[in-house]
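Let me begin by handing over the structure; questions about it come next.
Per-chain residue numbering starts at 1, and chain names A, B, C, D and E are given in the order in which the chains are listed.
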Amino acid sequence: GTTGSASTTDITVVLFGDAEEITGYQSMVEAFEDENSDISVTLSPVATQDDLMARLTTSFAGGNPPDVFLLNFRRYGQFAAQGAIEPVQSYLDDSEVLDESDFSPRALDAFRYDGDELTCMPQNLSSLVVYYNEDLFDAAGLPYPEQGWAWDDFLAAASELTSGDHYGAGVAPSIIRLAPFVWSNGGEIVDDADRPTTLTLTRDPATREAVDWFLDLQLVHGVVPPDAEEQSESSEARFLRGTLGMYFNSRVAVPTLRTIDGFEWDVAPLPVAPGGEPVSILHSDAYCMSAGLPDQDAAWRFIEFAMNTGGQEILAESGRTVPSRLDVAGSPAFLEPDLPPRSSHVYLDVEPYLRATPRTATWSRVERESNALLEEVFYGRVDREEGLRQLEDSVRPLFDLQVGDDGS
Amino acid sequence: MTQTTRLSAARSGAPPGGRVRESVSGRRPGTRRAVHVLGRFAVPALLAALFAAPLWFMVTGSLRPAGLPPPRTLEILPPEPTLAAYTRLPELMPLFTYLGNSALVVAIAVPVTVVVAGLTGFGIRLLSRTARRRVLVGLLVVLLVPVTAVWATRFEVFRLAGVVDTFIPLLAPALLAVSPFLILLYAWSFGGIPESQLQAARLEGASWLAIWRRLAMPQVRPATLAVAVLAFTFHWANFIDPLLYLHSGDRYTLPLGLQFLRLLNPTDWPLLMAGCVIATLPCAVVFLFAQRILLSDDPLAALRGGRR
Amino acid sequence: MTAPEVAPPDTPRRARSDRTLSGWAFLAPYGLAVAVLIALPALLNVGYAFTDHTGLTRDPQFIGLDNVQRLTSDTFFRDSVEASLFHVAVSVPLRLIAAVGLALLLAAPRPGGRWFRTAVYLPTVIPDVALAVLFLWVLNPLYGPLNQLLGLFGHSGFNWLADPSTARVGVVLMLLFPIGEGFIVVLAARRMLDGRLYEAAALEGCGPFGQLRRLTLPLLAPVLILLAVRDTILTLQVNFVPAYVLTDGRPANATLYLPVYIFDQAFEFSGFAYAALITIVLMVITATIIVAQLLAVRRWRILR
Amino acid sequence: MSGGLTGARNGDGRSGGAGIRLEKLSKSYGRVRALDGVDLDVPAGELVTLVGPSGSGKSTILRLIAGLDRPDGGRVLVGGQDVGELPPHRRSVAMVFQDYALYPHLSVLENLLFGMRVRKVPRAEARRRAHDAAARLGISDLLERHPDQMSGGQRQRVALARAVVREPSVYLLDEPLASLDAQLRITTRADLLALHRQLGTTTVHVTHDQAEAMTLGDRVVVVHEGRVRQEGPPQEVYDEPVDTFVARFLGSPPMNLVAGGGVLGGEPETIVGLRPEDLALDADGPIEASAEAVETLGNEAVLLARCLDGTRLTARTEPRLRIRPGDAVRLRAIPGRLHRFDAGTGRRL
Amino acid sequence: MSGGLTGARNGDGRSGGAGIRLEKLSKSYGRVRALDGVDLDVPAGELVTLVGPSGSGKSTILRLIAGLDRPDGGRVLVGGQDVGELPPHRRSVAMVFQDYALYPHLSVLENLLFGMRVRKVPRAEARRRAHDAAARLGISDLLERHPDQMSGGQRQRVALARAVVREPSVYLLDEPLASLDAQLRITTRADLLALHRQLGTTTVHVTHDQAEAMTLGDRVVVVHEGRVRQEGPPQEVYDEPVDTFVARFLGSPPMNLVAGGGVLGGEPETIVGLRPEDLALDADGPIEASAEAVETLGNEAVLLARCLDGTRLTARTEPRLRIRPGDAVRLRAIPGRLHRFDAGTGRRL
């Protein structure tokens, strides 16, 4: 808590990330403390988002929540629904440092829990993209993917690249990987984006078409590594080793991919459905403040610093994040022409088309269970029709679950 | 001294596999020898190898060069063993800080565990029969409470005590002797000390605490050794308590660090195995020191051997 | 020092109670720790089971038996109970048999015996998280040593963690290795048996197998029961960290053991009160199994 | 040495010690009545042997004197002072247990020092006393050994030495010879006696071996079922047992007891007793019998004879008899050596 | 009963049993040479007592006969047949251990049935034999108890009963009386003897108690340091010990041995022995001494005397002497009872 002595205030910041990300946050905290000698920050990192949830629940339940914590937009609904988060809207409105218009509207919209007031400050604006191995494309005589390429182009390239222990594409079977394809095809993954009551993978024809296309990659065309192969060597490891043509991931992968020195690689937008839109899915984490603490001032000053140019640049330099501040995102600090990927603008080009999944209190659970069942279908462990039906059926009750006073 | 040797021989018994069976079997010498060697060495060696195998895979897996896909056939040793994975570990995380924190926690928690378990076990020894039975039922109930039931609610206690984000919550299991099982281990061992010894010491003016410290504890050193090893393993491997009750990154312990590692690349096996080796090594070393006594044919005799 | 002239009124039993008092005094630190760190939190937790506490706010409301109602229609909970029961039914006997069998086999003094015992104990020192990571590797369908071993016998192996039944077997297999504690206890107990009894039995015509069946096992019965009870609790409640890391409930809830589900509910899904209720169920299940075990072996005179 | 009864000891702290007096001592363990009104007086400096069958309450008496248990009723006086409220270690009492209760993890020297260490006796003083005691008991060259490296007899002496270093007013010895083998028991018995002569400290020695009781004590106290049956000098108790229990308990083989007198002659309503050594083989003896067995003991033999009326008698005889089982023999009771007891109460008439 | 030596037993399976013959038996445990060429012959039906100090190898002999250990050299013959290759349970040998080795988890009845159950004796037959044996040893009313609910003497009888149900050719008893108290030992000794008379089975009885050895056996075998020192009827061994070891070992108090003869008269280079009972108090005796101690045993007393030249002698005397320590006494050796041994080898001359 903010148990400060007369001169300095202590705040605790809980974040998640891998070792390298944490180093980035560390240097940002140091820069902040240099500028604000009256605030001392305890940086409290955890590895996974699961660990983060455990940490946050314990400290909220124990009455000692952190001042600032980082949450993915797919999880904050759970907290927001119970009023555990102090909305930042009023702070942002009063701020002399930050201005709402500096930030990506798509990212901000994702964090308006009631659709109106801003709940948390999104710090990044990542999205799903395609990383591809230029050397493999060259060897196969394929053109590099470009803006607006279509599903068929993608499939053709993937098939061409698949041979022996080489696979054309790597993608994790999960809702957030599947969703942009559905949206691109004009479908929806839930019946109502604001008050969803069920997944719509089977009932909406456009959705179903996209789902089948996605599943066919593995089940029919075999351009995605099968189950056992994926467990033995992740797609990322394959891509690093140069035996995977294309790899779907968000910006997160970049620091790791930068360790590649055996071949050239770049990033491309998602392929577009026939006659569809170049949609992608938002990946964004935001700084939230705990509700009910006596003094939010220090916490807000930390967020201000992190969201301001200086803070955003420090993180952008790690290569891992796409800054949510559009001015920083457009600056060399992010675009960095001397380090791969050359085409970082791809992340920014898609910004107007970014969409987000529902942000209800139980969404993270829905996603979790769906992913487990989708994996069963994707790797052919269960029959496709049966599997998808089961997926919808078993997940449907989760939409109705009440968490706190939400939904009543 | 003949008396002594015979006594200790009787104490260690003649287990069925040993001397007795050897002379019992009445088959022809050749077959008997074959069966004998098989029973005495081949089968145990096979089982021992089976149990050692996962550790072996762990070590050899960590010695493979990074980035290469693992072999698809069984290999006893990687073709070009390398320590590359180990040198990468400290680059990826503050390995030595984590190790230092873990060491500090263990250095405090293990003695505390031994003292609490020892005191409690001795207390049980002193109680009357009926009281003892009641305490044992109580211990069973304590054992019954799932750990998950207290994780979050304990935080409240720690917050009220103002010890969140210190190492003190990590000592909580030590104050609980890690598990009632360790207390039982002590109670059981203390049961072997004859009543007359306690009374003799009382007569000589020793307080119960002095009796515990000077008489009881020194006599159950194998139990202490066992408790210490088990406690070491527990505290060293403790993942949940640091996750929930530690906040400052620079106080983190090794298991939390291992978690960061897993996130980096879930199939970078050499790196993961190296992390596992580092996490396991201290426990293994501690245990290897203890096994000399703990697992010898006659632990008491082995202890005495160390004493002279 | 002179003796007091008059005896105080309650002279009798003071010497005895001096000892009893000391006994309780020795138990006091532990008792205090139990009260503060287990009893209090656990009671709090039981209280929460009948509220709408989510873990994120601090004003839980009493909602009566709503959570119980929810429990009755929760298919995940049903899966979870089934997974746990399967696990206990398979894992506990196997772990016991392994620990007891190995301890008895390796108890006899023999050259190098210590190293055989050490090998059996060693997997027990592997930290939980490391054990799980290690088994992710061991059970790997393509590179995993287990499938490669099966390959030597011409079997194509399994995709262990992908299939519900093999995933369960995989977890059981993993937990079959850290049996060192039971192993060591049986070893110690076996050493304390009187070698003379075995000679007497041999003289009466009892072979090694008969000695095992008629002497060793009945004599070790109290220890075995203690281990069974402890292992039941451990398997149901504590051993979940490796399972959590290895499979995290997948596939198809096959390994969604109760503690994993409790953890998910309490810490991931903001179902703090609901998790508290499942915790109570878990305790009841555990206690039931233990009582059943104790009743089943009542005639062995272990409580003598 | 701190507190306790040191004041009751005389000058050099070596001779005499304190007398013990038990008054109406009673004690029950649950429903078992271990002691049932025991009165006993042990003058300072005397060695008294408590003898009785197993379970008769001998150990309980010692435990009450030492303060390890509290009596349900009655008083314990040491040196004339009621020690009811004194904890064990302030009673200036040293006890030697049947199993010696040596501390197995300590060397002999450390065993001797243990008590003084916990009582904070200065180091030099403690070592001096330990070495003194060791020398006195002839174990000076065992000081570095551990208990399990010694023979029973050696352990026994260490246990005694540990009692000696306390310089107590009273020694309580609970069957200290029971776990020694026959040969060793005899020599250690002599050592014990010698020690008592040297120190002259009040000593209560418990045994269930009647031979030990006879040879050791200035006085012997026969205990049975929680009561003192008889006390007195050994020979006196042997010669004039107060009842049939004592008569049979002391002496081996035990006294022949014939209800109603039978072949020994006597009134009905009485039991007549005759010790085996008082029954002689005599070709003209009045008692006709046939030999049943002859147990040869080297220096003597025990003849088991069955009289014509079926009474069995044992007689102690010369060793080199040529009597075979079945032979007819004649016996004579040495006159004046008959004991008469009441058939109802068993008490001596 | 399966296999083994039943053939060697005669008709009714009750009398005689099989003779035992040990030839040049030797056995080492590590560096300890437990047996060093033991030759022994036990005729069928005889009861032989093995006696010797602790560690002399008595138990080892039994273990080799039973087949619990294998000899390093030499042969064991039972009923004339080399049993070297037979496992213990085919040797038709029953053993009673010093600590009884009753199965603590079984009731007395189950203890008795145990061996017959593993040997697949029909149920009814087994129960009959168990009840028979129990009746024979007077433990019929203890059948439902567990070993920890019985006294030492009762356990002892159960152990014997367990041996009896086997109906073996040979009984091996390893100090079965050692853990009993003195009173119980005497009565159980008688029971044992009676049992042997009834069954007439070859029996080897081990003890370190010389009194037991003297009274029990048809023959006594004295073992020392892994060798048989002497064997023969008890009285013969007592009267003519072959060396000083046997001389001192049998008899209590032990024989007086005076190197060079001294006050007893004799040549140098010899040791002269005299049993305490052969040394009489005699006012005109040639040996002047002063009394050191008198141990009264009720029926007799032992006088410890120190002669003028410092030699200590013990004499067995009348009980009611009025001699005090320090009194001057005169002693006389009964002529013809002197034993002479070679001073170098200790062997009888």
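The rule we apply is simple: a contact is a pair of C-beta atoms (placed from the backbone, for glycine too) under 8 Å apart; a residue touches a chain by one contact, two chains touch by 3 or more.
Which chain is which protein? Per UniProt: B = Carbohydrate ABC transporter permease; C = Sugar ABC transporter permease; D, E = ABC transporter ATP-binding protein.
From a predicted model like this one, the values you see are computed outputs, not experimental measurements.
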| item | value |
| --- | --- |
| Path length in steps (a step moves to a chain that is touched) from chain A to chain B | 1 |
| Chain closest to the assembly centre - both centres taken as Cα means | B |
| Best-connected chain pair, where connection means C-beta pairs in contact | B-C |
| Geometric centre distance via CA averages, chain E-chain B, whole Å | 50 |
| Distance from the mean Cα position of chain E to that of chain A, given in whole angstrom | 91 |
| Shared-contact residues (touching 2 or more other chains) in chain E | 54, 68, 87-90 |
| Touching two or more other chains - residue numbers and ranges from chain B | 3, 20, 24, 69-70, 151-153, 156, 259, 262 |
| Overlap residues in chain A, where contacts from two or more other chains coincide | 54, 57-58, 61, 63, 231-232 |
| List of chain C residues in touch with chain A within their complex | 52-58, 73, 75, 140-144, 159, 161-163, 249-252, 263, 266-272 |
| Residues on chain C engaged by chain E in the complex (per definition of touch) | 194, 196-197, 199-207, 210, 214-215, 218-219, 221, 300-301 |
| Touching residues (chain side chain A, partner chain C) in the complex | 50, 53-54, 56-58, 60-61, 63, 78-79, 82-84, 227-229, 231-232, 292, 361-362, 364-365, 368, 372-373, 375-376, 379, 381, 394, 397, 403-404 |
| Touch list for chain D against partner chain B, complex | 2, 66, 68, 88-90, 93-95, 97-106, 114-115, 117-119, 146, 148-152, 162, 166 |
| Touch list for chain E against partner chain D, complex | 53-54, 151, 181-183, 186, 193, 208-211, 214-215, 234-235, 238-239, 249-253, 275-277, 293, 295-300, 302, 316, 319-320 |
